[in-house]
Amino acid sequence: MTTAFVTRSTRASRIAMIIAVLALIVLAAAPWWAGRADLRLMGEIFLYLALACLWNLMAGYAGLVSVGQQAFVGFGGYMLFALTMFGGLHPVVAILAGGVLAAIVSVPIAILVFRLRGAYFAIGTWVVAEVFRLSFAQVSSLGGGSGSSLPVDVVRSLADSRSGREALAYWLALGAAVVVIGVVYAFLRTRRGLALTAIRDSEVAASGLGIDIWRTKLEVYVVTSAFTAIIGGLIFLQKLRISPDAAFSVNDWTAFVIFIVVIGGIGTLEGPIIGTLLFFALRETLADYGTAYLIALGAVAIVVMLKAPKGVWGLIRDRFDIELFPLSYRVRTRDDHQGN
Amino acid sequence: MMEWTNAIVQGVLLGGLYALFAAGLSLIFGVMRLVNIAHGDLIVLAAYFGLTTSVMLGVHPFAALMVVVPLMAGLGYVLQRGLLNRTLGDDILPPLLVTFGLSVIIQNALLESYSSDPQKLSGGAIETASLQIGGLALGVLPLLTFGIAVVVIALLQWIFYATSLGRGFRAVSDNQDIAQIMGFNKAHVFGLAMALALAVTAIAGILLGIRTSFDPSVGGGRLIFGFEAVIIGGLGNLWGTLAGGVILGVAQTIGAKIDPGWQLLAGHIVFLIVLAVRPNGLFPRVDH
Amino acid sequence: MSALLSVSDLSKSFGAVIVADETSFEVAQGAAIGILGPNGAGKTSLFNLITGAMTPNAGRITFDGADITAVPAAKRCKMGIARSFQVPQPFGGMTVFENALVGAVQGAGLSGREAEAHVLDVLEATGLMNKANVRAGSLSLLDRKRLEMARALAAKPKLLLLDEIAGGLTDAECVALIETIKNVHAAGTTIIWIEHVVHALLAVVEKLIVINFGKKIAEGAPKTIMDSPHVKEIYLGVDPHA
Amino acid sequence: QVPTIRIGHVSPRTGPLAGFAEADDFIIEGIQAAFSGGIENNGKSYNVEIISKDSQSNPNRAAEVAADLILGDEVDIIVAASTPDTVNPVSDQAEINEVPCITTDCPWQPYFFGRNGNPEAGFDFTYHFFWGLEDVIANFLDLWGGSGAAKSIAGLFPNDADGNAWGDPELGFPQPLADNGYALVDPGRYQPLNDDFSNYIAAFKEAGCEIVTGNMIPPDFATFWAQAAQQGFSPKVVTIGKALLFPSVVASLGDRGNGLTSEIWWSPDHPFSSSVNGDSAKALADGYTTATGRAWTQPIGFKHALFEVAGDVISRAADLDDPMAIVEAIKSTNMSSIVGDVNWANGPVPNVSKTPLVAGQWQKTGDALDLVITTNAQAPDIPVGGELQLLS
Amino acid sequence: MPDTLLALNGLDAHYGDFQALFGVDMEVHAGEVISIIGANGAGKTTLMRSITGLMRNTAEQINHLGQPIGRLRADQVAHRGIAMVPEGRQLFPSLSIEENLLVGGKVGRTGPWSLSKVYDMFPILAERKGQKSMSLSGGQQQMVAIGRALMANPDLILFDEISLGLAPVVISDIYKALPDIIGEGMTAMLVEQDISRALQVSSRVYCLQEGRVSLEGRTGDVSRDDITAAYFGVTT
């Protein structure tokens, strides 16, 4: 007799998983094999990757196209500065505390911006981020509009040696990316993830099947905000200096992230990874050309949107029907010779 | 008391400038739901076109409008038909990303061709002239800007509601498919809407260039005020856009009166309050 | 038998269009009821009101002893009301299996293997097993309608609302569908079924309600209703003497 | 095999600050020509390689490219110029990564205190040469003192690094102005790229201000200056930092640019010459105009001096492979550059060396506007070129 | 037999992955009235959308007056004289009644229909011409939709479920007007759920089932049972 059973992994996903674990081991060992500049670049890549995965969770799965995530990047950065400089916290503790505070702050914001839809939501979130920027510019103890530098002692408290600090910063970035991808992946694999995907495909049917749309979106918004703030803290731990314009830069922390996600393929877990690699490949090869680099970046955005609106991974998936992160369920049948 | 009156009056005039920034945005957002991130940069582009024209022909920037308005309108039509039409749909991301790309390209192309030097259009005596009314000094240029904003909006409103072109805009905006089977070429109608929007942009750019100095990077900063004015006013309502601009302007000057640091903040907060109370803006077109 | 669902004086209009006009009726626990009416009569709207997708202008809905008039849609599903959509609303990016899983997990509150096993049963029963891994967005209309039912069933509802699921089926398929619904009914699920394929409806339901312009114009045993010339005229739009 | 010393250079080549970097290519070419024979250190000749990166006028990017120069290109010295938005992030990266760093083009207070510097301890790796607020203040006081304008001053300070420093109650203008009997009307910090200054103007008119000062970016000043005229506010002296640096900006104001006053960091009339090629200030400025067809600007001299100092340090370091030795060489610098003497031994705080500052006025001679030095009390060896004229 | 006005050759239609029409063949001759019937979702609306150019087709799949028009845009098709009264009326809500009618005349074809002619046929519209279209009752809206299509002076007019959601008396009013309309020498295609009405006014009938033509014939030649079978795929 034949029995049907359900599995979630595929050959491609199992292979991908093995490769990912191996890659992770190799990456974790990078402080022993990579140069200092590579380490720092990889750290930056991981942080962007994490931002991209978070934005993708919001926009690609929950349909919340926010243009204001820089609010939380900057918030996390400022919390790092404030809590270490005035609260005397260890930087890592300060960064995590910044995440918690961001989660708290994001609730009233969500209540406000969730009243808006589509383009209004996008612009509403952008204005909220501007309010953050202008408000932090009024806080003179954090340097007001001039900004502030992270005292050297604070940075030194991370580790005694320079190489120790560099390795730690790298591991923090790698860890953040792995945790974010892991959390997003785990989230999408649970019933909540199923609910979120359902909402994305049809809100009417989803609410008819018992899904509380508002609450599900709120959860996503709060979790993303908290993680975005943590990433923001890590970013500014690398930058060492913060100012309102840098912390709440819509270009650096949102426009480029949208670019990464959409170019890579929104609404997939693979997309942000591919997008991040593409973005950095472009930047590392062209950034020295000044204006020409930026013009090229703009042109890439336009061309990809016209030729492959589902992004690079969308193209690949449509062509080969593969999935590296086993999110979907497959029903298989097996001939059960044992009987029962 | 006089100071507060002055703050409000200056805010209203400032609102005229914002309304002018927003009028084009409002038009294209109303007709095709396009969120144009490059709008601010297009305003700056128009200012540069104005600069080149007035320098090359040796004419007053206002006279340069004769060249810049058709130029921008043509650019708008080509841009819409060649590029933006292909990104329109239910999803707001493709137009968002494409116009972001456009914005980056315009900024850097301007930087390449005009350098980052601040430029200014010299409007002559009008820049500094003023009228004394009841103890208030009203700059002629801000008054003129406000007047032009009112005229432009009245004109757009007239086109929108009293001409067959405007009928086409509204029909296509209401229902693209049905408008098409009535013989409207959607791509062409959208092209015309963008042409009109950029014609307004040309006016806004020239007035901006006379009012203050500009460089390739200043466009983005003003974009958000334009969006705010459009949204406060309500989708597809051009007089609402003017009201939105004025509300924003007055909020800013009153905020600044309390503390200069709150000038921009006050505008944004009023915007958020309006949205919290009326998520569709103050005067949405109520026919859906 | 106590009433599982009771609708009293329910009214709803969109401007000049009246979709429910002081409608009242009761559905007993374990009953199977059919709803008839011309296009645009307000049948689907009635379902929307019962499931909470629309809020009524006036009137009251009670379900399982509780007043649910103000209860949000998602909660009503958890309480045991599930529906199929006349215009299918599949989760297009998900597979058939995953679509039904949403019902099992969110609606019925199952999890893990239990949910999976339940979904497999439902797919088997609705004839969708061989399409389990197909993306719902690429299904044909018939399969979409099957999926609508499968997803609703996966939510283990006490009250199942079916909106035009038989249209376009072949004879054999129609017989199978009737069989499935009968089984669901036999297992204790209360059913309300909107259907234009009257013979299929008649094979299952024990009572008919006829609606026109949002108003309930007839209610009673299927045979009496179908024989009423008034209903024939309104419903089939044919002059019975032609 | 001749060993190579690498100098990393961060500069805002694109974006709103690009004006500060417009002479980069010209200066670097000149410096490379001067260093083409190598620099002598301890009897050994070293090639000098300059690696220049664009900060895009963005402090985030400035930090990133500085780190890239330090870690990737492994530069031996890093240099940077052009406002706190470039100088501070670069210095912070250098400090934490323990690479010697020399910067300029930013008053020393926003540099030092803006980085949370402690005057007792100073920084270990980062050094800066420029003038400070006390110099601007002294020059402006000097300028205004002889003007005959009433001692009521209008202050326009934005909420950015420079504006906050200029308007700081202790370090900035307010205290010295009060000490010298001036009344300052300072309504508060506005956000840069402001579209309306009517509240400021009303307050200034109300208080009868005859002198305007502040630190502004060009678009803000243009907005203010036009609005001031519309509102009937006509001060006698307008002395603004930053906005009036570039001839193109002042020219764009048309007739209203005539008579504005500003601090002068450097001009072709400065009696200094380059330590690397002996060019006078005038020769450098003329060279730039010949090469590019553009008017000279003040940052040119400092950009040149930046590499002069770096070259001098390289020639004196005890051990070029040891960053600490390079830092020692920086500390013991005592040289004459095209912007004046650079010597970190007698700065106001550790890590800062001051260069002379004068002030002057944009004056119309024929068709062209010239920046004429009208005040040199702080640096008498820089010659005065004309007299201050009142605006109204 | 008069000339072929419109011919469909193996017409397919897709919505994304979903195929709604499968190789539909059809012929419409000048001056005739054709009924298209079929269950919900059979593809009737899709068929009309294809003809008007709202769906992507290949050129040869649709022929109008001997010319392939499958690839033309909807507005080009409209200019050739094909107009539609869409399902659910779909008036332009931000336009007044008169503006809705004027929009219909956009193609600028000359012929018997004009604003005053439409007002003659539906006098109530003349009374209300300045009002927003959404303030009308369903039946009045349907009149606007019909008038709007007529304003184009088309030579082929497509009606998609004009009686949907209308009271029986309104439906009979509309059907009373139909002969007047068609009487002007216009060719018409009629999608209708109300089979008997459809059969009364048309000369030939096509039945669609699941995107395929399941029955075709002269109205007089097909029996009710044929229709029911073709309609549902079942025999009662």
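Per-chain numbering from 1; labels A, B, C, D and E assigned in written order.
The rule we apply is simple: contacts are C-beta pairs under 8 Å (C-beta built on N, C-alpha and C of every residue); 3 or more make two chains touch, one makes a residue touch a chain.
Heads up on the chains, UniProt names are A = Amino acid/amide ABC transporter membrane protein 2 (HAAT family); B = Amino acid/amide ABC transporter membrane protein 1 (HAAT family); C = Amino acid/amide ABC transporter ATP-binding protein 1 (HAAT family); E = Amino acid/amide ABC transporter ATP-binding protein 2 (HAAT family).
What you are looking at is a predicted structure, and each value in this text was computed from that prediction instead of being measured.
Colleague: Figure out the least number of contact steps between subunit B and subunit C, where 1 means they touch directly.
Modeller: The fewest steps needed to get from subunit B to subunit C is 2.
Colleague: Considering only chains that satisfy the touch condition with subunit B, which of them also satisfy it with subunit E?
Modeller: Intersection of subunit B and subunit E contact lists gives nothing.
Colleague: Looking at C-alpha means, what's the farthest chain from subunit C?
Modeller: D
Colleague: Which chain's mean C-alpha position is the greatest distance from subunit E's?
Modeller: D
Colleague: State, to the nearest whole Å, the distance from the C-alpha centre of subunit C to the C-alpha centre of subunit D.
Modeller: For subunit C versus subunit D, the centre distance works out to 76 Å.
Colleague: Approximately how many whole Å separate the CA-defined centres of subunit A and subunit E?
Modeller: That gives a centre separation of 51 Å.
Colleague: Taking each chain's centre as the mean of its CA atoms, how far is subunit A from subunit C in angstrom?
Modeller: 42
Colleague: So what's the Cα centroid distance for subunit C and subunit E, whole Å?
Modeller: 31
Colleague: Could you say which residues in subunit B touch two or more other chains, in rising order?
Modeller: 108, 111, 261, 264
Colleague: Which subunit D residues sit where two or more other chains touch them?
Modeller: Within subunit D, the residues that touch at least two other chains are 14, 159, 189, 191.
Colleague: Could you say which residues in subunit A touch two or more other chains, in rising order?
Modeller: Where subunit A meets two or more other chains at a single residue, that happens at 134, 137-138, 291, 294.
Colleague: Provide the full list of chain pairs in touch.
Modeller: A-B, A-C, A-D, B-D, B-E, C-E
Colleague: Using the touch definition from the top, list the residues of subunit C that touch subunit E in their complex.
Modeller: 15-17, 39-40, 86, 92, 135, 137-142, 164, 167-171, 174, 196-197, 199, 213, 234, 237-239, 242
Colleague: For a test of understanding, state which residues of subunit B touch subunit D in their complex under the given definition.
Modeller: Going through subunit B, the ones touching subunit D are 3, 6-7, 10-11, 14, 17, 108, 111, 115-120, 122, 127-130, 132, 137-142, 211-215, 217-218, 221-222, 249, 252-253, 256-257, 259-261, 263-264.
Colleague: Spell out the residues on subunit E that touch subunit B in their complex, using ranges where they run on.
Modeller: These residues of subunit E touch subunit B: 49, 52-54, 73-79, 83-84, 86, 90, 92-95, 99, 102-104, 106-107, 132, 134, 148, 152.
Colleague: Any idea which subunit D residues touch subunit A in the complex?
Modeller: It comes out as residues 13-14, 53-54, 56, 58-61, 63-64, 67-68, 70-74, 84-85, 88-89, 92-93, 95-98, 110, 114-116, 123, 158-161, 163-165, 189, 191-192.
Colleague: Can you check the complex and tell me which residues of subunit A touch subunit D?
Modeller: Where subunit A meets subunit D, its residues are 35-41, 44, 85, 134, 137-138, 140, 143-152, 155, 162, 165, 238-241, 243, 245-246, 249, 251-252, 287-288, 290-291, 294.
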